[in-house]
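Structures incoming, each one as structure tokens.
Two complexes follow with chain A in common, the first pairing it with chain B and the second with chain C.
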Partner chain A sequence: MDFVTQAKKMGVRSLLLQGLTFLSVLTSAFMIWKGMSLFTNSESPVVVVLSGSMEPAYYRGDILFPGQRTFGDRGWRGGGDIPIVHRVMKVHTERENGKQFLLTKGDNNPLWIQRDEIVGRVKGFVPYAGMGTIWMNDYPQLKMGLLGTLCLLSLFSNE
Partner chain B sequence: MYNIFQRLSSITSFAMSTLMVLAVLISLTTPFIPSSPTHSVTLHSVQNAKGRVVDQFDRTARKSEFARLTFDLDADLSSMFNWNTKLLFAYITADFESADYSTNRVVVWDRIIRNTRQAKLRLRKHHNKYTLRNMKQTFEGVEGANLTLHINPVPYLGIMYDKEVVSIPFSIPRPVVKDSAKEKAKTKRGKKV
Partner chain C sequence: MTATQQTNSSGRVVVNTSNLSELKTTCDNSLKEFLKSKGYDEMHTHTDVKLILGYVGVIFCAIDFAYSWKYPFSQTKWFSYISVSIYAITSGLALLYSYLVQRDTFFVGYNKAKGHIVSAGSSTKRNEPVYRLTLTTRPIRGRQDPPVFNSKPLEVRRPFATWFYEDGEFAGDKFQQEAAVAVENLLNKKAE
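After this line comes the complex of A and B, so read on.
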């Protein structure tokens, strides 16, 4: 009953304050994510490279930031559950309705991608910063443990 | 007051914020590092031929027109390498307009340049690495074609941008019908028999 005695010592008000700061941390992270999404006009504003298909340009664990949806290379494709980053090889825009057909490296010729399947275009790059995400995906226990300790620390720290 | 966790957390948070500021500064300043690349593209010939070896994934390959470029490329991009350049991605695009499609951009050649030694490009009578064909299987009515060399420096950290360095206009001729005489002879023979 160590927690209870500690809680009694801290008082209800400070406990509530702890909860509030914890919530504000969570919501500010969410707000930053959504704000970046709005700013970059892309549904996933940060993407971690999960495979080595773009080596030697991007390696596993690198973080990519998109720019606005513009015409050009290095498109990255949503549609499925995992975004794919590949270089765009061919772009054809229809004159009548502005429909855009794209072909990226690694696709076969008849498989044209439409413009609305493109999530964004890589504009910025930070190496190896997303390695933590890969570890957490590979070892779910690590994720749970980390989240648990974070919660406990934020609830029972004095400041 | 100052237990080990507080010390650790303050140290890591300070380190993280310093690293983030550094990353922002690096990515903002890198594009302004001066460089003086030299480059020239000359086009020798553009051939246009109908049909090619049958591609099992592409039924249109037999009927479509394929353009074959022969070009020279001279470039010295070694000055574009600085301390924050992982590699240069050089690529040549063919841009053109056609009746139904307002913009068409096809990458015809590319190369990953990983060090200053590879940055001195001297290609003689090089052909396109990737097929150059139109969406509509024919180059009829295609105008305003341009061959453009782009260079995309990939940094170790920071902002990515494309540099259009040199652009030359060209035109795609109608395909030469090689076997027309033979075909005529065949039909004549057919009629006689």
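After this line comes the complex of A and C, so read on.
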């Protein structure tokens, strides 16, 4: 009941304003990410490398940026929820319909993947910058703690 | 409401005199109270515009989030273009509104009985403990126009020390006396 009385005292507008301040933290983060997605024309504009399978090129904790899809030696496959990075070893072009199949290193299945399954090509990378994401995945309390801190800070700031 | 402002049971307001923003906010709130007590009802146009722009952006963001969560990227791309654009536009407009229209206004009050609207804005310069108050007024026209003021503003510039004791206590009544004088000057100027 205390929250309700306090809320009434503050007025609806004040509550809405505070709500907006808090929400704009979340929405601007999402919109920036979406904007980058649209710009790079790929589902996930930025990806953190989670495993060590791409060493010595990419280590655990690197962030990768996809570019436009062209030939490249590191293709990036969107299969399921998490994009996977593979090295493209061979390209096979069907003569009839021009469909291209790529064989990537590290695929567990013997099938070649189709070109349109490729989400993007790794254009650049920032080493170690993704460690934060890995820690947050390994320790979910960290993620909750960070989110909670951000919310509290936005509620207490004065304009 | 600053979290660090303290009003204890006797009604004394004590602030940190080194914090310029606290000093300004205290004076702003006191002026607001003064004007409200003189029959000026607060007009929330500035706040409302920003709220509407903000929430439109939030709504589109929420819809886009839900849509792209459920369906793959290539399918939802078209909507994402729309929602990102709308979000950018509303955010941009809100920012422009804040800088160009609202500026440093913290209170707009309309007095139906007297038939005019008073707008109060204040600012401080870094490292300068001076309260710069700008008051403008305009008559209430037939319909509620956007609060853009044409009359020449009345500017009052006083050091904060005029109303604050050394320990940070705010001399509210002294401030309100000077505020009354300022508002009267404003309204008399208008009548000339």
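Going forward, the second predicted complex is superposed on the first by the 138 of 159 C-alpha atoms of A that agree within 3 Å, B and C clash if a C-alpha of one lies under 4 Å from a C-alpha of the other, contacts with A are read in each partner's own complex, and residues count from 1 in each chain.
Here is the rule we go by: a residue touches a chain if its C-beta (ideal position, glycine included) is under 8 Å from a C-beta of that chain, and two chains touch if they have at least 3 such contacts.
Since the model is a prediction, treat every value here as computed from it, not as a measurement.
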| item | value |
| --- | --- |
| Per-residue contact with chain A, leading partner among chain C and chain B | B |
| Partner chain(s) touched by A:Arg13 [first = chain B, second = chain C, both, neither] | second |
| Which superposed partner A:Ser24 touches (first chain B, second chain C, both, neither) | second |
| Contacts of A:Asp138 with chain B and chain C, given as first, second, both or neither | neither |
| Touched partner set for A:Ser37, first chain B, second chain C, both or neither | second |
| Sites on chain B touched by chain A in the complex | 5-6, 23, 27, 55, 57-58, 60-61, 86-87, 89, 91, 99-107, 110, 112, 114, 130, 135, 152, 154-162 |
| Contact footprint of chain C on chain A as seen in their complex | 13, 16-17, 20, 23-24, 27-28, 30-31, 34-35, 37-38, 42-43, 156, 158 |
| Chain C - residues contacting chain A, complex | 1-3, 21, 25, 44, 47-48, 50-51, 54-55, 57-58, 61-62, 64-65, 68, 72-73, 77, 80-81, 83-84, 87-88, 91 |
| In the complex, chain A residues that touch chain B | 56-57, 71-74, 87-96, 98, 101, 108-110, 122-127, 153, 157, 159 |
